[in-house]
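Shared chain: chain A. Partners: chain B in the first complex, chain C in the second.
And then the complex of A and B:
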């Protein structure tokens, strides 16, 4: 057991010393202020337009989306999405709850929602994609494997370190987002109510299960779901890293897959079997929010099972290949 | 080596806590989705603002709410202004005080029948309650689109003067309901109803539609008169002799110039 812990320590420190996490923090420190500034401009603009009356602004969003529904040029899938949105916004208005109170927690929640499909995976890949392949390209893998340690233990240590770093990345993203946006929007908002439990069924939204949670709880649940999909990305990236010798190749492969997933999600509705791909299922937090899934019939349970199966398969491949593989040159 | 053992301690514990938090969040999300508890009690709603009524000249600013169909939306206007934004600008200049558009709640293709239902929605209620002036266009879709059973509207299609006339008795009670509901929601606002026009005046076989339009406008006028603080702004005369110059290419909605003329009328009526 101590042996295992030492291995994990070794892996954790290796990633840290390679300054991978520092790069992630640096990217966040540069990008978040940009988004905060953009959001601030939007907020100023709407305050000017609607005299800080959020009810008017909300009604205007409802009217705009309703008008878009009557347009013949908008594809049916987008209309479905808008119809669900209109019904949700109407629910907020009917219960006199502002869905977008301007504060740091709201900003963080929105930012996390938007980063689940690309931004978080990208940062996870910064650590995951060269975990094994870099050892191979620098030749240190030989040293590692000539030690009297079983190979699966080495990979397991790498996987554990990866899990810990993924958790750290998700929390750091949320935390930095909160701290930076709070400078502009104020550090309040943990107690604001958010509605969860909207069930999208065909063209309609079922509101029977809708209940309110505080924004703080929402953020926690949302981060947990984002963490799960980030973990699956990390595990698959680990598999690619085992299979592919070059770090660049493994990074590009994963990135291409993730980007393909976001593109597919927006047009997969006619190709229903796309729902079995892992990259179409990554947006777990959208189930919490109640936006229609990319393919009809997808649910939180379904996506979790699909992601879980992909994760298990990737682990089996990684461990089999890593323990059996010959290390040449 | 010393520094890395410190680093490991901090890093190990921090990431472990992060992991525990994430698993908690994940578990919580699953529990909340599949076994939801009763939600949080919602805070007491703050009262939406209501109009203060009273004399306009005593007020520092006025609030306008607009509702209705595509004409209020501004469909056909290439500048995107519609009559609504033109009225707001021009009235603000004339009265020399800020005019705030509370909301333009027009929906393309809305009929009086559907507007009656919409007026029960809280968004409509709030916006109407807050207004000093309410502008609306409604009824065009009741008379024309419902009467149209295929074929292009611009070509006259199946639309015949008889069909339009047939729609009148069904549509009129809805207009009445709209007027009544708005008045219930806001006892003080001035209501301006923008009358209908015959967009097909240049087609000889469709001139008769003007009879139905005139009857509809008359009816609206009678509603406005019984209301006391409402008026009908006529537009039918604007789109007769030179229809093409003031209608957009769909031959139904006004173009930018057409909307300018409508807004001029409205501003005159409000002064």
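And then the complex of A and C:
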């Protein structure tokens, strides 16, 4: 039978030749310098304000948040979050660690954290959205499916190519961030300690599991989680691409879903069953930071399971429909 | 003669219902080794749906399709290995070159070497432009590339859906010669068309489909002879000639709105008298006209249109 590697090569080649990945890299090359510049301005600002004394900055943030806690006008949910934040900041202060030290690794870490909810999914969609739908709208699917290869093998090859590109996107984003921001902030910071293992339970941050890891290790953990959530977005986009003939429709559907997820997350909480939606669970790396989740009762394990279930369901639908579907036009 | 031949494609009792609407009621036929088989029907008769079922793009609701003994419903990958096809337009990846497209499809089948790609490119005569992007190709060139792709795996059966669509007369003539050459090399060809003349020129046997059912299968000449062939006269005194023709008991003169000749054929003929008559009577009538001082500009036999053939065939069904 035909070689699966050859089929994957075909799918990789088509995405590459369509210059989709080139567009992703181009967007990164334009956006990252803008954020580096913004970060630089912020760093300059804080230096001027606090004479480079990060302790006083940290202290003032703690004071700000504590003051806010005593105000009556702030809703209870916000207070919970602020209480957790204060505890966390206090922990940094007590152990004499500056969480804001600007360097290439910190910048990369922050950038990746902020891009997980929208930016990375957007780039994934640029590749995943038309993987099947473009074959249908251009008619090439008739050539593709009349070759002596089982349909599931073709979809599997597409899925494999997609997995490789998602990995490439996460790695490229991190790498470009590090390389570009390093020009300004210096390439150090790999060995700096970061605290992980904050457990948010209701109002309290449980610090019993807190331990220090180097930023390098943190970045690796973070990238792994980002990769996982990006893969789920990719798999669901692949399903939409199988179901919908138009590339534009498939892209818009997915983008709307992702954006709805970020809005739902920020609305936080009264609707607890929202936690079973995949798009509310995408910010996996926030669990590392100890940021309280959008809905109470969510944890890293919970989100991984929910995302995993969505992924499996999407794969079942994709493969069932793709192998059975009549190609009518 | 046909009985002794080996069957390449066998279609039995094919049916397809989409939603609740039956699209294909009953399609059965066989294609033998080395023959050019025509699949004739007007647009919307179920031609394309049938072709899509032959190449596993659509799953039949009932019936069986076997290609070189392999059931396409059970082992599509084995059956498709014997088929090369172009369904409707030859759509390839426009953002890749012709060569890259061929490499792409070559990777999907075992044992297609680089030499084979070079070979098919030469067969279709695309060597000059093969390394250009496909989006810069003309329709004719896309057609050639599509055929090159279909030939890659040395198929036993080549399926072409309306291959002359969009080609200029020169292109159509070249295609016809090309198809003959392929058939001579032992390949079977399955060609769909909505033009009877097309099928007459190219094919050995034909299946005629209307409203989702095959209404006749047989040798092309045999089927065409069932429908009346018209004899069209052009003379200097059409009124007199018309009366003389009408007076003959074995000649039927057709009024303008009743005939079924392609309008495009008649536009070039000025003041035609359209008749249905036996060939043997032509010289008799010519002699009579000359004797009465009518001079003849032209006499020609015009083949019936597809519509008429349908009329004849479906009428036949009713009488039987």
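Quick note on the criterion: the second predicted complex is superposed on the first by the 326 of 329 C-alpha atoms of A that agree within 3 Å, B and C clash if a C-alpha of one lies under 4 Å from a C-alpha of the other, contacts with A are read in each partner's own complex, and residues count from 1 in each chain.
Note that in this section a contact is a pair of C-beta atoms (placed from the backbone, for glycine too) under 8 Å apart; a residue touches a chain by one contact, two chains touch by 3 or more.
The model shown is predicted, which means the values in this text are computed figures rather than measured ones.
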item	value
Fit-or-clash call for chain B and chain C when the two complexes are aligned on chain A	fit
First (chain B), second (chain C), both or neither touched by A:150	second
Centroid geometry (CA): angle chain B/chain A/chain C, rounded to a multiple of 10 degrees	160
Chain B versus chain C as contact partner of A:171, first or second or both or neither	first
Touching partner for A:9 - first (chain B), second (chain C), both, neither	both
Chain B versus chain C as contact partner of A:53, first or second or both or neither	first
Touched partner set for A:324, first chain B, second chain C, both or neither	second
Most chain A residues touched (candidates chain B, chain C)	B
Which superposed partner A:142 touches (first chain B, second chain C, both, neither)	second
Three-chain overlay, closest Cα atoms of chain B and chain C, distance in Å	6
Residues on chain A lying within both footprints (that of chain B and that of chain C)	9, 13
Residues of chain C that touch chain A when the two form their complex	18, 52, 55-59, 76-81, 83, 85, 87-89, 91-96, 100, 104-105, 107-110, 146, 149, 153
Chain B - residues contacting chain A, complex	4, 7-8, 11-12, 14-16, 18-19, 21-30, 32-34, 36-40, 42-43, 45-46, 48-49, 73, 100, 102-109, 121-124, 126-127, 130
Sites on chain A touched by chain C in the complex	1-3, 6-7, 9-10, 13-14, 17-19, 138-140, 142-150, 324, 326-328
Of chain A, residues touching chain B in the complex	9, 12-13, 16, 50-51, 53, 55-56, 58-60, 62-63, 66-67, 70-71, 90, 93-97, 163-165, 167-168, 170-171, 193, 195-197, 209-214, 217, 220-225, 227-228, 287-288, 300-301, 304
